[in-house]
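Submitted below is the structure of interest, expressed as structure tokens.
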Amino acid sequence: MVELGVVYRNIARADRDIAARLGALGTATVHEAMGRTGLLKPYLRPIYPGANAAGTAVTVLLHPGDNWMLHVVVEQIQPGDIVVAAITADCTDGYFGDLLATSFKARGAQGLVIDAGVRDVSVLAEMKFPVWSKAISAKGTVKATLGSVNVPVVCAGALVTPGDVVVADDDGVVVVPAALARKTLDAAAAREANEGEKRAKLAAGVLGLDMYNMREPLKKAGFKYID
Amino acid sequence: MVELGVVYRNIARADRDIAARLGALGTATVHEAMGRTGLLKPYLRPIYPGANAAGTAVTVLLHPGDNWMLHVVVEQIQPGDIVVAAITADCTDGYFGDLLATSFKARGAQGLVIDAGVRDVSVLAEMKFPVWSKAISAKGTVKATLGSVNVPVVCAGALVTPGDVVVADDDGVVVVPAALARKTLDAAAAREANEGEKRAKLAAGVLGLDMYNMREPLKKAGFKYID
Amino acid sequence: MVELGVVYRNIARADRDIAARLGALGTATVHEAMGRTGLLKPYLRPIYPGANAAGTAVTVLLHPGDNWMLHVVVEQIQPGDIVVAAITADCTDGYFGDLLATSFKARGAQGLVIDAGVRDVSVLAEMKFPVWSKAISAKGTVKATLGSVNVPVVCAGALVTPGDVVVADDDGVVVVPAALARKTLDAAAAREANEGEKRAKLAAGVLGLDMYNMREPLKKAGFKYID
Amino acid sequence: MVELGVVYRNIARADRDIAARLGALGTATVHEAMGRTGLLKPYLRPIYPGANAAGTAVTVLLHPGDNWMLHVVVEQIQPGDIVVAAITADCTDGYFGDLLATSFKARGAQGLVIDAGVRDVSVLAEMKFPVWSKAISAKGTVKATLGSVNVPVVCAGALVTPGDVVVADDDGVVVVPAALARKTLDAAAAREANEGEKRAKLAAGVLGLDMYNMREPLKKAGFKYID
Amino acid sequence: MVELGVVYRNIARADRDIAARLGALGTATVHEAMGRTGLLKPYLRPIYPGANAAGTAVTVLLHPGDNWMLHVVVEQIQPGDIVVAAITADCTDGYFGDLLATSFKARGAQGLVIDAGVRDVSVLAEMKFPVWSKAISAKGTVKATLGSVNVPVVCAGALVTPGDVVVADDDGVVVVPAALARKTLDAAAAREANEGEKRAKLAAGVLGLDMYNMREPLKKAGFKYID
Amino acid sequence: MVELGVVYRNIARADRDIAARLGALGTATVHEAMGRTGLLKPYLRPIYPGANAAGTAVTVLLHPGDNWMLHVVVEQIQPGDIVVAAITADCTDGYFGDLLATSFKARGAQGLVIDAGVRDVSVLAEMKFPVWSKAISAKGTVKATLGSVNVPVVCAGALVTPGDVVVADDDGVVVVPAALARKTLDAAAAREANEGEKRAKLAAGVLGLDMYNMREPLKKAGFKYID
């Protein structure tokens, strides 16, 4: 049962530097390095092209049409954090706009991931404050019902625990549990290391069929070429 | 029952200058000033980033896959109007393209809001003719069945009466009844007036919790901080 | 029944030059020239604004979450081809990224149309490699199950036969059967020919109602103007 | 702008007997008799097969996740009414259950049409209290924000004015403006009158092609039979 | 390119008896026997529980909101046929009701599969005329634009050629190309043959893990049991 | 990060009797008793009307199109358990049919909750084996990739930990953490206790407005009655 009406002030954040380095590798690489887990549903989209962010998760649980807790969460933001907002039921209202973004920025937030809508998106784009949302909507919200801050939440189908690393870019949003951040960084970096060499080969016309030794397994699986 | 096969030539338009000033304030502010009503559903999206328009509504009712009435509505457009198109059933066809946009522009239309699809969107973007639609589709339409022009329509979930003010930007589309346009402008302008001061405070690190005096109501509601 | 586990190496491609000329006319005009048929569903969207491509179809049939056949199809690409990928069930996974795009480009592919997701979209946009997809997702895929290459496929609701012409731009994707490519080009070019003249008239304020002689049929249909 | 925080106690109801007779003809016939207008979107579905109802509309406007006004509307229900509930934003919460249904029934309500969710559906089915909703959900609602009763509302894409006739069955929900109820009944009854004869002919093997004299118009339109 | 405005009168139907026997095996078994291909998208649902049908496909291509061709197709129905209706764009209108069903039944049709909406569903259920559709809607259609009868169509994502076997039940709809009908029947019947024995074992508590010899491959794949 | 390739054999189940008693109270009451939390998304629907089940959760994590772990989970089922199946990406395939249901029943499973599709639904209904799913589909699945059994999963937007109580009926599915089961039962039973009395009053015509003392708060909120 989700705990309502509480803020946890002390959370164990993953290492900030590791978060930044995971961010540099990008969501696709990080998600692969975690055995293809950790991805939030792809309906979350950045509000402008080229948006990217990485940080440690500060979570917030909101009710439909009510953004009270987004005002509460500000005080808990530390430089390097990324805010992850979940809603207790499906909602596309515009929970977040340029005033809140100003406040988030002043506290050092890297961005916002929200399973609902946001507004003032042209101002947010000018401010270069990155947001991943499921909708854009001018619809305002009330401040009436208690949610929570820094409790574990399910956001866009994934469990996010406060302090986890969150990486977000044009390809989506991925969450890395704090305890696995370093191990995931190592795996992701290793994966990235030989991408340049592969790219050069492929650009030169080498076929993946040969580079990845796929011809034999295809044959074994009964694959046929017909002229 | 919707009246079919008619054009109303004389409609009572809201003041054009008020419409323009509401447009300058933007959809989020206008929608708040109306007590959070008047918003069309957020699935309507601009066809290019930064699109914005405001004007007095000329309405058109169309049938699925039939854009005949879009040719009829042109003659009723006056400078400063914005065309609002509703369809009698869900449809994503491309009802509107660059030729119609040329005609709309020649008559002084500020933009188009349509609960269906449009096409030639790269040309429309070059022309800077703003459109809010629910789809983009190359699919053409016939000219076979009578709809109506300048009757009240339900567009994307909202009732739009000819002459109403329509404001549209990156955050969506909002309709303001003509009779309430001035009052809404006053309320919206008042709302806007102190935003600059708030933004400065928030940018300086003042918390919304304090600026909006939220700590007391949170306490009363039983909110708890846990270390 | 779809044939699984085969590659057809020899396909009859439509004329490459005709494909390019159809591409220059754009999807809306080509789709009209085919009697308003041939359009893929409008949920397929380009991954960046202004993307456009035209070519001869090389098809690939994939399973959900499995991109093995995208590695196989590379070898079958000839300069001027466009790859059309169908999936045997709905899936939004990211089947295609920058490495495959490098390989596709090296073979002369004009673009990719895929009824699923892709990733690395910011890199793809920098590479100017155009893709039309139904989703963007960092989610990776396995290479485990045999599909097919160059069999007829149903992609986003349309039948695509290897060698057909595919035209794609901001308005969507249209397929032209190889046997009808020349005839369609003629019809499309004829349609395009007098667009400039029409545009000039409309820009000068001539009404479509008059230019298209619509007043008489409207009257006959019982259309009424009310003052 | 929708008026919030009011109940209109005196509404002009359409004739109750006419409403009942329209109900006996069914939604498809009534919708045809109105020139194919008046239908609510087909995502509204009855909560059990065979549900049907007809009556005069008592309307209620609700906020997402808040069913306060459903308690208010009860007092305004007169025998023969059907309650039509619209929400100011998309919501699937369960606004209505067996206790409210007991109250509605006690007041003589014929049923409920709601553009949101309901719950206790197995009890409602046992009670034979018909409901058309867009979702079924156990999720409860609060009683916190003022909406309105007996103002015009847009419900599932259609404008419903208090006192209008509403007819609902397995095929959906249709609204008939009070002023047009009698005329619509006449047209619907005329339409129904010769259905029995037609059905008998068709059952005997007469083709619609002949019964409706379609062969000539098909030929004129260029239709071809190929052996 | 889809051919418009034609009826093919002579089509090569699969063997009627084979169709019936495939129907007795059900969609799940038939789809498996075809290597897990041939299934129409699962948004097609029967209009009443327990609906099932099997027959040879007579196809019809319709335009959005226009059911003219459903009147034309009646004459082409032979006893044992099942009608498969595709639409040139997404549409949920009610194309088919009790009068057409009476006509279809008089000609010996086994059922209807339609990628759109139907109406009069309570009467259709009483008549025991099975229909698989993507929507139920009272919305009527016009008879204005030529489609085609007995051309290959893409219906709910699958290619259906006239004369193919179509099997439909509570689990969905599957199409079997005429040329593969006998072979598929053999494979499906073989598959079915030992289901009874399996069911008895499982009911007696034998684990699928043992019956299907899965323990070894699980171990090889690195699967771990943790106490 | 979700752990893949493991089965936890020893899980701490909530009290079986408490689970049954929560089941008797139904999802709506249990969800209210938990402060309106714990509900799975309402797109999960029972495969037949009247389905209901309650038990302790045995969880399984599956990959798209792959039901291998459903065979593995059988061995971990104890009488009184309910299986909760999550998928690593959206999928509507038919993961579960009558053979697996036979096995589940033999082990004493109370039902299945699955965030994907199932098949053989008419047989499952005859067997009275209750299933809540997001789709019905004949599409089969492979047995190729390792998932997990009895790890915490996110199913239809809610976190389910092995051993939690799951209650499911016509109104949806709710999860109660094991540690809160007894407390929730007490709260739910208390809530239920006075429902009968309320129902009697409402049936006798007492208004909720009076019974719940709503007139005063309505007045305070500025609510107006207009004659």
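Should a chain be cited, it is by its letter among A, B, C, D, E and F, assigned in written order, with residues numbered from 1 in that chain.
Just so it is clear, a contact is a pair of C-beta atoms (placed from the backbone, for glycine too) under 8 Å apart; a residue touches a chain by one contact, two chains touch by 3 or more.
Just so it is clear, the structure is predicted and the values come from calculations on it, not from any experiment.
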*Neighbouring chains shared between chain B and chain C, ordered by label*: A, E
*Touching chain E and chain F alike: which chains?*
C, D
_Per the definition at the top, count C-beta pairs in contact and tell me whether D-E or C-E has more._
D-E
*Same or different for chain B and chain D, when you check if over half of the residue numbers at their contact belong to both copies?*
same
*Just how far, in Å, is the C-alpha centre of chain F from the one of chain A?*
28
*asked:* Distance between chain C and chain D based on Cα centroids, please, to the nearest Å.
replied: 41
_With centres defined as the mean C-alpha position, give me the chain B-chain E separation in Å._
43
*How many Å are there between the centre of chain A and the centre of chain B, using C-alpha atoms for each centre?*
31
*asked:* Multi-chain contacts only, two chains or more: what residues does chain F have there?
replied: 36, 90, 92, 139
_Quick check of your reading of the touch definition: is the inter-chain graph here a line, ring, star, complete or other?_
other
*For each chain, which other chains does it touch, given as pairs?*
A-B, A-C, A-D, A-F, B-C, B-D, B-E, C-E, C-F, D-E, D-F, E-F
*Please name which positions on chain D make contact with chain B in the complex.*
1-2, 4, 34-38, 41, 88, 90, 152, 154, 157-159, 176-177, 180, 184
*Using the touch definition up top, name the residues of chain D that touch chain A in the complex.*
63-65, 89-93, 139, 142, 144-145
*Please give the residue numbers of chain D that touch chain E in the complex, ascending.*
26-28, 31-32, 36, 39, 42, 45, 49-50, 169-172, 174, 195, 198-199, 202-205, 207-209, 212, 214, 218, 221-227
*Quick one: in the complex, what on chain F touches chain E?*
5-10, 48, 68, 71-72, 74-75, 92, 94, 97-100, 102-103, 105-107, 117, 119-122, 125, 135-140, 143, 146
